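The structure is given below, and queries will be raised subsequently.
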């Protein structure tokens, strides 16, 4: 909770859009929730939440670490720091079968390369599957995180490459083809609660399930968000403005990120 | 009972061209040294299996060892792409690579079924995704009690499993600890197995989180200190994150990749 | 998150007449004290579930707590019969007892399916036995890849799981070690759970063979030192084999049984 | 390997029929085999083998103990001594799913209340199932031990109550209804190799699968064995005579049994 020593206290500290995205995501996690965390941006946000307003947040990584409390940001989902600080380390079969699949996780926290208007995600290929332009890493734990967690929060930078319709490949399901899709597929979790980008926050419309811009980060215009979206972006009638990062949030985020850099030289 | 042999002999005797070889290690205890030995011995036409192919699979694929990859997530964790893996899929270099792609939940349950002597496993997975319908090894089955439809995946039973562990004793009993992924299942699902270990100890003392594989389910144990580097071995050494970052540059071009392999793998004894 | 409460309050709040209650412990860490509290509070019409019903289930059945038993082996291990269990089945005393009978492999996989959020489990079991065809919760399913026929058993998802463990911390995280049976699965399969523990420690230090259940999957933790006696708690006390032998004599007649229960259970506070 | 201090060395020491049964069974286990052990007589025989000619015998108990090396005989399959001396202790689901089911165990070692001519076993009820005269403990691990181990060895006292045809209930399968039964049921193990009783040894006829008396223990007559069998007992043309227990065998057996008695007072 200590501010970074390098940062001068001001009423509105400067921050990057990536930092705003991490901080907006961290704010969405409540103390005591159980959170299945993908690596990268989701892990940064979850650890920021744990280091600030949600010290009792339970972090679960697909490597088998339950209740990990890393002092620095892990570089991979299997870092030794996660295992050393976990309440329990279980096998990979167990983490998927006993912990994720039954729907006992509150929040699944995912990133992706592409997202569509129903918050379906692509982490598989850009271009045709058989002869891809870019081969992405693939599914990993994402399809079952997306299906089985009670709710899902997605972090993704918003631009014409990432916000596309249709996806080149549907790796993980959000709301499928729209209302009723998840129910027809027998999925237990409620699906994406929100998508947090570097420009703002989108939430599914309660009726149409279509992602709707509901919040803009400081300094971002609706037009900029529309311009960064590969379909006609729905915008909520009353747009909220995200509060700028506090000094405490920014300081803690920067501390975590700098510790990762140090950790990587070990 | 496991024989204690050199890694060179283990690979020579137990891995044949065309075999299906699972090399497991979930961001920890990744059997790099064994992978390098496969490359040095010039194995070809392998079907490689692993949930999380990363650097050592990039090297195996880039050196043309594999015809096919069964996997669920292929990347350089925390860094980015695997360029040799991508080059093989996107451009067929050095040889075309067939892929059979699952989610972690699906592939891990294929190992579980294999270890359990069952022909398949059931799970809640794949519904509504592009993998269902595209991947032949994803089917469905109905619950005979509720009528519910679930995903079904076939057991995977590799010819050989290769893993790295912290310790073995002189009888070939093995212990690993920390993140142990799906290694137990990989060994139990496979016809043969090679375990490289950091050290051979007088007597295995059970550790918190320790997973033991008794000698009689292992074919060969080879002592290879540092055999997981640049991955890590909890209790022995840390992950070399710098090398993971450097691999991005090394692997990006075919030339720098080949030069690195010549210098660091082909020109080095087991 | 688990609340730390008295055993009396835990049973009062979490176990209702008519509930399905799994009380696990495979020859170790058997929740005797919790069973006695169920008897003292006069619970009725329970469906009791356990792989290995032994003395505490003999007591629960003999006191008329249960309408039904789901089990796979009911006896006094190393000694002989459970006379109250037999009297209920053979003579309907004190009340008729319905039974649903499996093998260990079958019932353990019902817990696994329950813990996994699956409606059923598949296994190689029951073929050619008198249980197949007689027990409604044994069916079969075909492998969609090989066509092979396998046994299928439905998930069991009790209302309450009750187990005994060695340690909890102040947050309600629990650790047990030694033989841990199917307790983790029983807790994860159930809607609610009560864990009695030998002691509440400042901080859980992971043990070799330690199994941890985090607080957020447990409903209530109650400190009950000796709560497994005459069973044992590895690291705390040994099995009272003499009492297991004596139970043969105590339980053989209804009168000596009732007298023993009056003196040792009903007349004793939680 | 030391003889009991209480026993005077003679050329042919005195022994009970139960002791002969345990010793005959122990002799059938070879060093280095992996043996899934039921409690009671099988556990006694297996531990006797480990204490005498087969120190590398791997004992597996359904409680999850792999490679148990108990110094005294366990009273139950879940004794602390088994866990303390095991190479590994795993969960009960794991022992059945990963270790027994795939057929990686050499020998399954079972007892029973009743056996029929095809070595099927009953441990469930005497009398009708719905209203049994005697309710027995039930299946436990036996059906899958009988089905999945590469071979099965059965220990049972031979008399008109135990050697019956038909069984009151078929809990665990031997050769089912005879030749081809196991194959039709898709069982992987070869089934019972032998039945060791207090009178002798029976083995399945290679063609008919019917249990055939092949060995008689010292002092037992064929007529006594026939008399103790509830069906017309097949007898091998060349009957072997079991060697009497050696002093070393008897001494070790008695030491193990006496240590159990001591252990039970702890």
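A, B, C and D label the chains in the order they appear, each numbered from 1.
To be clear about the criterion, a contact is a pair of C-beta atoms (placed from the backbone, for glycine too) under 8 Å apart; a residue touches a chain by one contact, two chains touch by 3 or more.
In this text the structure is predicted, and so the values were computed from the model without any measurement.
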* Asked: Among all the other chains, which ones are in touch with both chain B and chain D?
  -> C
* Sort out for me whether A-B or A-C is joined by the greater number of C-beta contact pairs. => A-B
* To do: Could you put a whole-Å number on the gap between the CA centroids of chain B and chain C?
  => 39
* **Computed distance of Cα centres, chain B from chain A, in Å** => 28
* Asked: Quick one: chain A and chain D, Cα centre-to-centre, how many Å?
  -> 58
* To do: Note the residues in chain B that touch 2 or more other chains, in rising order.
  => 117-118, 123-124, 148, 184-185, 206, 209
* Return the residues of chain A touching two or more other chains; collapse runs of consecutive numbers into ranges. => 97, 101, 148, 188
* Considering only which chains touch which, how would you classify the arrangement: line, ring, star, complete or other? -> other
* Structure fact -> Each pair of chains that touches is included here, namely A-B, A-C, B-C, B-D, C-D
* Structure fact -> Touching chain D in the complex, chain B uses residues 1, 115-118, 173, 184-185, 188, 204, 206, 212, 214, 216-217
* **Contacting residues of chain D [partner chain B, same complex]** => 32, 34, 58, 66-67, 87-88, 97-98, 101-104, 148, 188
* chain B-facing residues of chain C, complex -> 117-124, 137, 139-146, 148, 150, 152, 154, 205-210
* chain C to chain D touching residues, read off their complex -> 26-28, 51-52, 71-75, 77-79, 81-82, 85-86, 89-90, 101-105, 108-109, 111-112, 123-131, 134, 148-149, 178-182, 184-185, 209, 211, 232, 234, 238-239, 241-242, 244-245
* Footprint of chain C on chain D - complex, ascending -> 39-40, 62-65, 74-80, 82-84, 89, 91-93, 96-97, 100-101, 124, 129, 131-144, 147-148, 169-173, 176, 181-182, 185-188, 263-266
